[in-house]
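One structure is given below, represented as structure tokens, and several questions about it will come after.
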Amino acid sequence: MRIAAFLPELLRHLFKKPNTVDYPFKKLEVPKDFRGTPYLQPELCIVCKACERDCPAEAIEITSVSEAEKRFRMVIHNDRCIHCAQCVDSCPTTPKAMAIDSLFELADFDRHRLKKEWVYVRAVLKPKPAAPKPDAQPEPAPKA
Amino acid sequence: MAALRTLLYILVYPGILFLFLYSTFCEWFDRKAYARLQNRMGPTHTGRFGLLQPIADFVKLMSKEDVVPNAADRGMFNVLPLVGLAVVSTAALLLPIWNFDLAAPSVTSFSGDIIVLLYLLSLPTLVMFLAAWSSTNLFSTVGGTRVLTMLFGYEVPLFLSVLSPAILANSWRLAEIAAFYQKKPLLILPNLIGFGVAVIAVQAKLERTPFDIPHAETEIVGGTLTEYSGKKLALFRLMLDIEVVVSSALLATVFLAGFPGGGLLGFVQLVLKTLFVIFLLSLIRALTSRIRIDQVVSFAWKVLAPLAVLQLLIVILLKGFLK
Amino acid sequence: MKFQIPIGPQHPALKEPISLRMTVEGEVIRDADIRLGYNHRGLEKLAEEKTWIQNIYLTERICGICSHSHATCFVQGVEKLMEVVPPKRGLYIRYLVAELERVHSHLLWLGVAGHEAGFDSFFMYTWRDREVVMDLLEMVSGNRVHYAINTLGGVRRDLDAGQKAKILEGVAVLRKRSEYYFRIGASEPSFVARIAGVGRLSKGQAESLCAVGPTARASGITRDVRKDDPCAVYDEMDFEVGTADSGDVLGRVVVRVKELLESYKIIEQIIRKLPEGPIAVRAPRKAKPGEAVSRYEAPRGENMHYIKSNGSEKPERLKVRAPTLANYPATIEMLRNGFIADIPLIFAAIDPCICCAERVVTLVDVRSGEEMAVRLSDLRRRAAGRGPNALPKRNAAWPL
Amino acid sequence: MSDSDIIQGLEKDLGGKALELANPDRRRVFLKVAPADLLAVVTLLRDRYDCAYLATISGVDKGETLEVVYHFASRAANINVRTEVAKASPHVGTICPVIPGAILYERELQDMFGLVIDGLPDPRPLVTPDDWPAGSFPLRKDWKYERPEERIPGGKS
């Protein structure tokens, strides 16, 4: 047992740069595969609703705006989202309609402003063998 | 003229105003040093280098809601922060910083002022205990009993070790003790054991790690000050800050030859020497973990007290030898 | 004079709400009682309403610190029910994350132990170095806390060569630091004086009170699911179960540091032996009717999930046993005849994760929590109105 | 001790008491006994099969009956003892005299499933709040939680 065993370590750091990141003023870079905020690329979405079904937080909501036009509305409730990226995994299209970016500073004073909304026309599923069969019937519709 | 000078002395330097500013600066220094020792930043963004952070904390606390528990002894509860602040400010006036005349004793510098100062420094501990007791909170009560238990441990070693240099200097007056060591700087060396003991005892008096037992927040929440909030808490914190300054200035006077050189040079010496002592206190704080109350008392009596007695013995022998 | 000290539900030593009630005489604890239920989220009930896929993320949220452990435990069981065998590479990555998580959890615990003992410098330094492993986890999985790397039939992310090199680098740094902390922890006198001989639990007591994890291993019981019930990867690894015989808080520190060093060994072996191939296979959406018991050695001790399936997309019953709950009876035993000053240390020494231990009643879930702005004056009025006619928590009378 | 050793040993030791005995997976043994035999079986497991460690107790609502599963673990295997009682009179004897560490799990079962554990040394509720309505047991299948509609302050929706 030594008296003051920690002393050299402490003194060594006295004149070193602090290890703290001065966060809001300086920011660290996130790794390239960081799971940030999910978003939709509406031109690719075939409205199979796989993401809505698998989302553990019920943060994705797809409703039909107009049946005739095949127009749909998708809301991502970022106030509920748990950033697990399961929606990206579940998305059956290639390239994936659901994607995730590296934004992490989402805080807001109003939960309504956290909800992201897209209104779009369903994309036509290209007859590609690689894409697994989605849940919704992929009936081809004329693109607007 | 003398009256004006004394008024200036009480109100501005080294009185209330200076004490307030300097104690907040010392708190900043303590926090910054502690943080840097831990590889952290410490206060950074309020004022340059975060210098204004303690003042900002003080102002913020002053503006917070002040809650008095129903079960508390209202009178005691309310008056104690002021008493504590008054006591430590009075103690600060006794420090031989600027307004003293070596030849003639005055109100603030007289033979025996070292004893008065030591007793005035004991009072904040009692104030803390009474504050804890009168707030009747269970955690405060436990904290209060711990305050007193610790007092029995460190008080004797502190007195013994602080009085040793006075014995060597053959004076009970702080200004004369400082002047003695200014003349014979080499005699500071024999007092080093006493200095060590005194630093540790002051650490205990100030209730800082490893002796932060009375307000160990992981055990008994806020301990002594659990029920205090708002202005009263701000005043208590100011009291503790001033106590840090006064204790370190006392150690600097007695062990490090005081602050000679009149107004400006004396001020520089005051800053340097107190900051040195405060740095030592921060270092101890960073270096150790909190110990148990029984360990404090046994450490004080088994290690500190014998060392203090040894110091006394060295001083007495040395005094005989010098004659 | 005997009186009762309430530790919690809100207390600086507890990072989560739980109520410990200490009957003390002076500074000595004579009796202790424990009261749970402040942190219930109804996970077991909720799990019955979610699909197997959704439940992975739900179980991951049982605990913040050992998030991977519950998800892995659940996935192991469900894979058995679905008769899916994940590919080797997937399993290796899954348990690589598991060991990285163990490292992060133990480093975190070391810091907390330092903090509870009032040794804040130790706390700051261990947590600074913990950032290394947090960054590794973020790099591998894409998030610092909820890794979400498990999926039914494997893992979701692959490792590339650069990541492998970075992990090895980070582990080398961490090993050096851990050895240093071990030396400090075992030689800083004020720290050792605080933790040696505190919170003693004999081997017999640990056995009869069903203690798990480092708490049990510090009392000389060599029980470790990684050795006793090796799943998939651990029987191919060379490692030892760290134990200590002293049965006190110092022993628990020693066990955890030993485990840290063993984890570094395992991580290096996993990286070296990482086989080529796919990382996941497709899993069906439905599991066959049946039941499975899945065990996993989380950083705090053994996790056990009992999963019952009725052939649908959702589980019939998911029983989660987190290690902290198993250690509570032992904690009460350890607290008896200790000092008040030792409460935070003893309680922290089981590495309590209260949200793990409590997960049963459905009270409020994320969505139903109706928010509103409450003014301070309202709060005060409510508190005053609560007064004598409100129902207090049992035994919650203010002791003075 | 291998799985087959355990199965054979249990068959021999228990005789007619073992209503079901299965070994569906490596190191997993499932055993069913009558509620009356429970304490004897647990004592036997502890003394002869190194099962002093009770991992947990699960309750399962099977409609008319409640199933209680005691998960024991030894170094060799994980032995799960199950017993079934009618919902109408859900009485199970305590195993605390044999395994003191079972107390929290048994108290939890009382709260969650409305089982009555006879002879429990400390039968206070463990996890439910004090003002929890009597006779409502959250993990029974007939207990439903109605989720209130989500209301977000400050605006539309």
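Should a chain be cited, it is by its letter among A, B, C and D, assigned in written order, with residues numbered from 1 in that chain.
By our rule, contacts are C-beta pairs under 8 Å (C-beta built on N, C-alpha and C of every residue); 3 or more make two chains touch, one makes a residue touch a chain.
Remember, it's a predicted structure, so these values are computed and weren't measured experimentally.
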item: Chain nearest the global centroid, as defined over all protein CA atoms shown; value: C
item: Chain whose mean Cα position lies farthest from chain C; value: B
item: Chain C and chain D, separation of their C-alpha mean positions in angstrom; value: 23
item: Rounded Å distance, chain A centre to chain D centre (Cα mean); value: 40
item: Centre-of-Cα separation between chain D and chain B, whole angstrom; value: 61
item: Distance from the mean Cα position of chain C to that of chain B, given in whole angstrom; value: 43
item: Set of chain A residues in contact with two or more other chains; value: 4, 6, 10, 19
item: Sequence positions of chain D contacting 2 or more other chains; value: 152
item: Contacts with two or more other chains, residues of chain B listed in rising order; value: 37-40, 286-287
item: Chain C partner contacts - residues on chain B that touch it in the complex; value: 37-40, 65, 71, 136-139, 141-142, 209-210, 212-213, 216-221, 286-295
item: In the complex with chain C, residue positions of chain D that touch it; value: 24-25, 27-28, 30, 52-56, 58-61, 69, 71, 73, 75-76, 78, 80, 99-105, 108, 111-112, 124-131, 138-139, 143, 145, 147-148, 150-153
item: Residues on chain B engaged by chain A in the complex (per definition of touch); value: 33, 35-42, 44, 283, 286-287
item: Chain C residues within the chain A interface of the complex; value: 50-51, 53-58, 60-61, 121-122, 125, 128, 131, 135, 138-139, 142-143, 146, 148, 151, 156-157, 180, 183-184, 187-189, 192, 366-367
item: Residues of chain C defined as touching chain D within the complex; value: 35-37, 40, 42, 44-45, 80, 207-212, 223, 228-229, 290-293, 295, 302, 304, 306, 308, 316-317, 319, 321, 325-326, 328-330, 358, 360-362, 365, 367-368, 370-373, 391-394
